[in-house]
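In what follows, structures are represented as structure tokens.
In what comes next, chain A is part of two complexes: it sits with chain B in the first one and with chain C in the second one.
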Partner chain A sequence: MRLSDSKYGALLSLPGLILLLVLVLIPSGYLFGLSFLRYDNIRPIKFIGLKNYQYMFDDRVFWLSMKNTIIFSMGSTALTFFVGMALAHGLNAMGKGVAIFRSLTVLPWAVPLVISGFIWAWVFNPAFGVFSDILLKLHLIQEPINIFGNPRLAMVGVIVADAWTRIPFMAILILAGLQAISQELYEAAKVDGADVFDRFAYISVPLNRRPILLGLFTTIMFSFRTVDVIFSMTPGGGVAKSTYLGGVYLFDSIFKYLNFGVAAATGVVIFILTLLIGVGFIRMAFGER
Partner chain B sequence: MKKGLVLTFVLILVLAVLTACSQPAPTPEVVEKVVEKVVEATPTPVPLQPWEQIKWNEPMPMTERLLADEYVLPEGWQEATAGVDEIVFYNSGGMQGDIATKVNMMIFEQLTGIKLKNIDVGAGFLFAKTLSTLSSKDSSVAIVSHTDAPLELTQTMAAGWHESLDVLWPPEVQALYPKGLVDAIQWEGHFYGTCDTERSYLFFYRPSVLEAIGEPVPETWQDVYRAAKKAREYFVSQGKTDSYGIVFPGDYNLSHMLQAGVYSQGGRVLKNGSWDVMSPEFQNSWEYWVNLVREGIADEAVLGYTWEDYQKTFGLGKAAFMLGFSTYAMQFTNTEAWPELGTDWDVVAPPKWDASQPGSNRAAFIDFDANLINKFAPPKVKAAAMLWFDYRRSKQAQMYEMAVEGNESWLPATYEPDIISKVDWDLVDAAAKELDIKAPPHVTEVPKLEARRASAETTVMEAFPPGSKAALEALIEYYGRAVTGEMEPLEALQAANTDITKYLSPQ
Partner chain C sequence: MIRRTLDRILEQRLTAYVVVSFILFFLLLPLLWMVLSSFKTMSELFQSPPTYWPHDFTLEAYSQAWNKAPLPTYLLNSTIIALVTVAFTLVAGTFTAYGLSQYKFKGSNTVLTLFIFTRVIPPISLILPFYVVFLKLGLINTRTAVIIYTIYLSYPLMVWLLKGFFDDFPRELIDAAVIDGASRTGTLFRIVLPVTILAIMAVAVMAFMWTWNEFLAPYLFINSDELKPLTVGIYYFVGDELTYWNRMSAAGVIAVIPSITFFILAQKYIVKGLTAGAVKS
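Showing the complex of A and B:
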């Protein structure tokens, strides 16, 4: 018996589809369902329609977490992108020793975010962290900088810790894209009088659009639902909830308040927002096809 | 084909939603009620649970067994726990920091032949891990632990996830332990917890700093404020700009500082079972702890300090005072581990609010770890776990917590002058070897016993209602807003109160 191409394709996709079904679709459906229940582990479970959503949207802390999430995602993505881009170009231009530097660049990627948070929390600790200590010894500051005691600086601190682990992925992605660009294009541009910025703006960026968009999309999507780095650096969401993100709101709803219904509603909102970002980026990256 | 696939997925999604909505998993409480109804309707006698078969008052009354220098096992335990080789439990943090637990595990294993297997979980993740275990009805871990028991206990007890421990708590046994703690481990008339360790608070100070600023040992919180301010000025004059008058935590344990302020005035945080943060005592305490940072007497960095960070900061010699766990009165005796502090420290019971307060108000909060039994564990394992709980609350087990590890005993009878003579140091050394840690010094007297006893006598226990974690989150958030000058202290407290009222109201 000979299968048609489409049937053969469907057959090959079956394992993946089953995994998708078991690990994504069913849990997602269950999540949607839970979000309509009063499920606080104190009183009997009951269908309450949209009341969890109403509770969440009426909660000042939810909106604060959304505002912080946007600042955090934008900050982390921007820092990741610019440093990743610079690193990628540096590595691309490097001759000898590139393999060593490329390996070193990738190292932070291997560090789990929660560990990265702990590392940076120690680095920034004003009492015994190296950051303030070095600046003090260089006489650049008179008193230790209290990153986590200051609501504005705390956000910068967590952004740095988050970006630190994401930069390698971005750098490698952009580097791979850069290495796929023919050197002849750069040489031709040079002959035409293009300087380094022109070559960057008119060759490197446009021809590397998809890897860049993919990197941006992945970073923003992951940072949008971050919990771990906050958990280890600024437990509870920092001074005056300055680093309290949507993911932390969800985490707290489950693990601190045991309110699975509100947690599910938060999960649904974060899921939809992440989906919208994803769809937007996919359209930007592949829309021209 | 494509349309068919999409349609199938949508159908599955809808089915999953409907499943979640229409067939909610019954809570253990609901299951229990259904079982109770079925049991009521069935005329045949219900077989006793294994732990009900243990003769807890034989060979001697339970109180005598618990107060004996060497714990005595109750009769019938072998039959009740037959076939149980191991009890698995969550331990808060690494066992390397819990030598008394290790010693007690070894004694229990010698007595019963039942092994205890600890799964070490970092304190910050313990509640999440416990919740995952209980909500998934995982039966493999028999004993779960709450490291923030006063806040967490009511939540999981209310959820109906624990086996009742009523057999362990007849009135005469309750009378052996502090009433506040006994009340804290109950929910709706049933006992669910036992306590292995507790930590009362002591006021730590550095004699050299007091001498330098010409101040006596503070008796009241007002004395502390004045002396801490002078201490900060003294440190700055010495070029030690990173040293402050006082250090305290900015995380959950901030509430313990606020509570100390309230209790030292004779007040309480709970009124009719609900948070009362607008009481005059709470307002005074709130302003006190806010102003310490606003006036630069304490470092703004405290906002990011955990319970461990701030006590380590004192240990690093970077503060003149702290209200710290009694456990550190033991830890700081190891001067090799804390060279900056050395022997330049001492402790007294927590201060009272001002000179007008009676000595009994030299009080702070008591923090304790609670152990509970997973309702989904096999019955015989539950019986074995209860036996372990019975041992751990005994005088023998509590002695190791108090005299070797530096925790406070929640069994007042442990505080005997010659208690140290009953410690089996060979066993302690063997436990240290197994844990691969340095053996604790074989002390001949319990460090700072008088101050610890004084603190333990006045300490106050309040168990907070479900939802209190959210209430505390609000307090911590607005404390930060007040300290950083974003809001005035009492304006911030009022805003926190609004949130607390919302969080504690039924949804």
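Showing the complex of A and C:
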């Protein structure tokens, strides 16, 4: 007996569906379930409604971690976006040798975030790192900068280490979009007397809307849930908890305080916030056309 | 007036080269610094001001990391975890993506949306449920736990990318083969796969890298040294008082080499796959 085409398709997709169910949907449901339990590995597990959320919202450290996450995620996205934009437009305007430059651009993408944190910590090391040394040699600063001793600078440090691995994707994405724009449009605009700025504002940006939005939202979403860089660069969340992110709060709830209920509640908050960002993107990019 | 001058400068092709080179200098400096550090001795490493080119160029850090630290074990674990994940997701992903792409069924769009939705869920939120379940199943401190989690991480992306490549495959060729009496599964293996194999390999590379670079899952699920992959094992070089930056850099170089090589080789397809959804309307 031969299956109909649509049944055949459903059969092929079956393993995928099962995986989705087991690896995504059930854990997601379980996460929400856990967040309503008193699960502190001391007392017996018990349903306590919204108490975990209440505990979390009363916790000063939680709010600090949320504030830091927003600063971190916005900072990382802004840096990634501006550098990525500049790189993409530069690469797009290049002639010979663009392939080599493009391949070089991609390299940091391949570096694991943990290792990025380590490398940048070493680059930023006030005594032995290359960063302070170059600035000293250029006479831009008088004394080495100890970025890890200063709460504000520590945040800048982790943002740089995070953005560094994200810039390539942003640049390549925007470049792909630019290359899809017809060259004739630019020629026509030039004939009409449009200068570089006009062409940027009226052609390169509006016609490249979707890749730009995709790049922005992926970066926001991904940096929103980052912890790897923090673990390697400013372990524990840095001086005065200056780089203590939501993800670190979640981790500490699991491993330091063994309070799985609160950890689950934090997970739910991160889950919902990320989802809202994602839905916002889909609306903006695909909504009105 | 300023605008005019800037316009003149930006119209120059040379400007593009200058700007890109300037940015690339900062982008590649950390990598270069890591490579240079890996060839220095500990005493040179802790010189202030730092030296740039290693004075005593030495492979000591590599041999120390390789012989005195469990670097080979870490590498082996990274490889096992990545290969098993790729093999599993590649096989399951190919069937799923092919079905979703070529044999649409009632609800196939819902399934596809679910896959995109999955990409939006932050893995960090799901790590606790996974942890609790693994704890109950006694899977904590096994590579299996990490592999199950990395399958969850890369599978949806695999399906999404593969579906894009299958969508580009001309439907007439499939129909012609089926009319000629080939089975549908036979057609997939004999007609479709040989043509799309390069793209599929590129997707596999992507998933390999993704898994190879994963830090959170092994950091959480594995405690014993002989099961750690490189991303977690690199902490071996962080001491309480002193970090062996040269050995860590050597380990970093070794960790990054496979990813970078693969990435450059498969660049064309990766870029195409990842940007297709955004650029195509």
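We adopt the following convention: the second predicted complex is superposed on the first by the 271 of 289 C-alpha atoms of A that agree within 3 Å, B and C clash if a C-alpha of one lies under 4 Å from a C-alpha of the other, contacts with A are read in each partner's own complex, and residues count from 1 in each chain.
The definition used in the following text is that a contact is a pair of C-beta atoms (placed from the backbone, for glycine too) under 8 Å apart; a residue touches a chain by one contact, two chains touch by 3 or more.
Here the structure is a predicted model, which means the values were calculated and not measured.
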Chain B and chain C placed together on chain A: clash or fit? clash
Original post:
For A:V239, is the partner it touches chain B (first), chain C (second), both, or none of the two (neither)?
Top reply: first
Check your understanding: In the superposed arrangement, which partner chain does A:G149 touch: chain B (first), chain C (second), both, or neither?
Key -> first
Between chain B and chain C, the one with more contact residues on chain A is chain C
Which partner does A:V123 reach: the first (chain B), the second (chain C), both, or neither?
second
Could you say whether A:Y8 touches chain B, chain C, both of them, or neither, answering first, second, both or neither?
-> second
Touching A:P206 in the superposition: chain B (first), chain C (second), both, neither? neither
Partner chain in contact with A:V111 - chain B first, chain C second, else both or neither: second
| Touched partner set for A:L37, first chain B, second chain C, both or neither | first
| request: Tell me which partner A:G280 touches in the superposition: chain B (first), chain C (second), both or neither. | output: neither
Could you look at A:I254 and tell me whether it touches chain B, chain C, both or neither (first, second, both, neither)? both
Overlap of chain B and chain C contacts on chain A, residues 6, 10, 17, 27-28, 30-31, 34, 127-128, 231, 254-255
Interface with chain A, chain C side, in the complex: residues 3-4, 6-7, 10-11, 13, 15-17, 19-21, 23-24, 27-31, 33-34, 37, 45-50, 52, 92-93, 95-100, 102-108, 111, 114-115, 118, 120-133, 148, 151-152, 155-156, 159, 184, 209, 212-216, 219-220, 231, 234, 245, 248-249, 252, 255-256, 259-260, 262-264, 267, 271, 274-275, 277-279, 281
The chain A residues in contact with chain C across the complex are 5-13, 15-17, 19-20, 23-24, 27-28, 30-31, 34, 83, 86-87, 89-95, 97, 101, 103-116, 118-120, 122-123, 127-130, 133, 136, 164, 167, 169, 172-173, 176-177, 180, 195-197, 210-211, 214, 221, 224-225, 227-228, 231, 247, 250, 254-255, 260, 263-264, 267-268, 270-271, 274-275, 278-279
The residues of chain B that touch chain A in their complex are 1, 5, 9, 12-21, 24-27, 29-30, 124, 127-128, 131, 135, 155-156, 158-159, 241-242, 250-252, 299-304, 306, 309, 313, 316, 318, 466-467, 469-470, 473, 476-478, 480-481, 483-484, 486, 499, 503, 506-507
Listed in rising order, chain A residues that touch chain B in their complex are 6, 10, 17, 21, 25-34, 36-47, 51, 55, 60-61, 125-128, 142-144, 146, 148-151, 154, 231, 234-242, 252, 254-259, 262
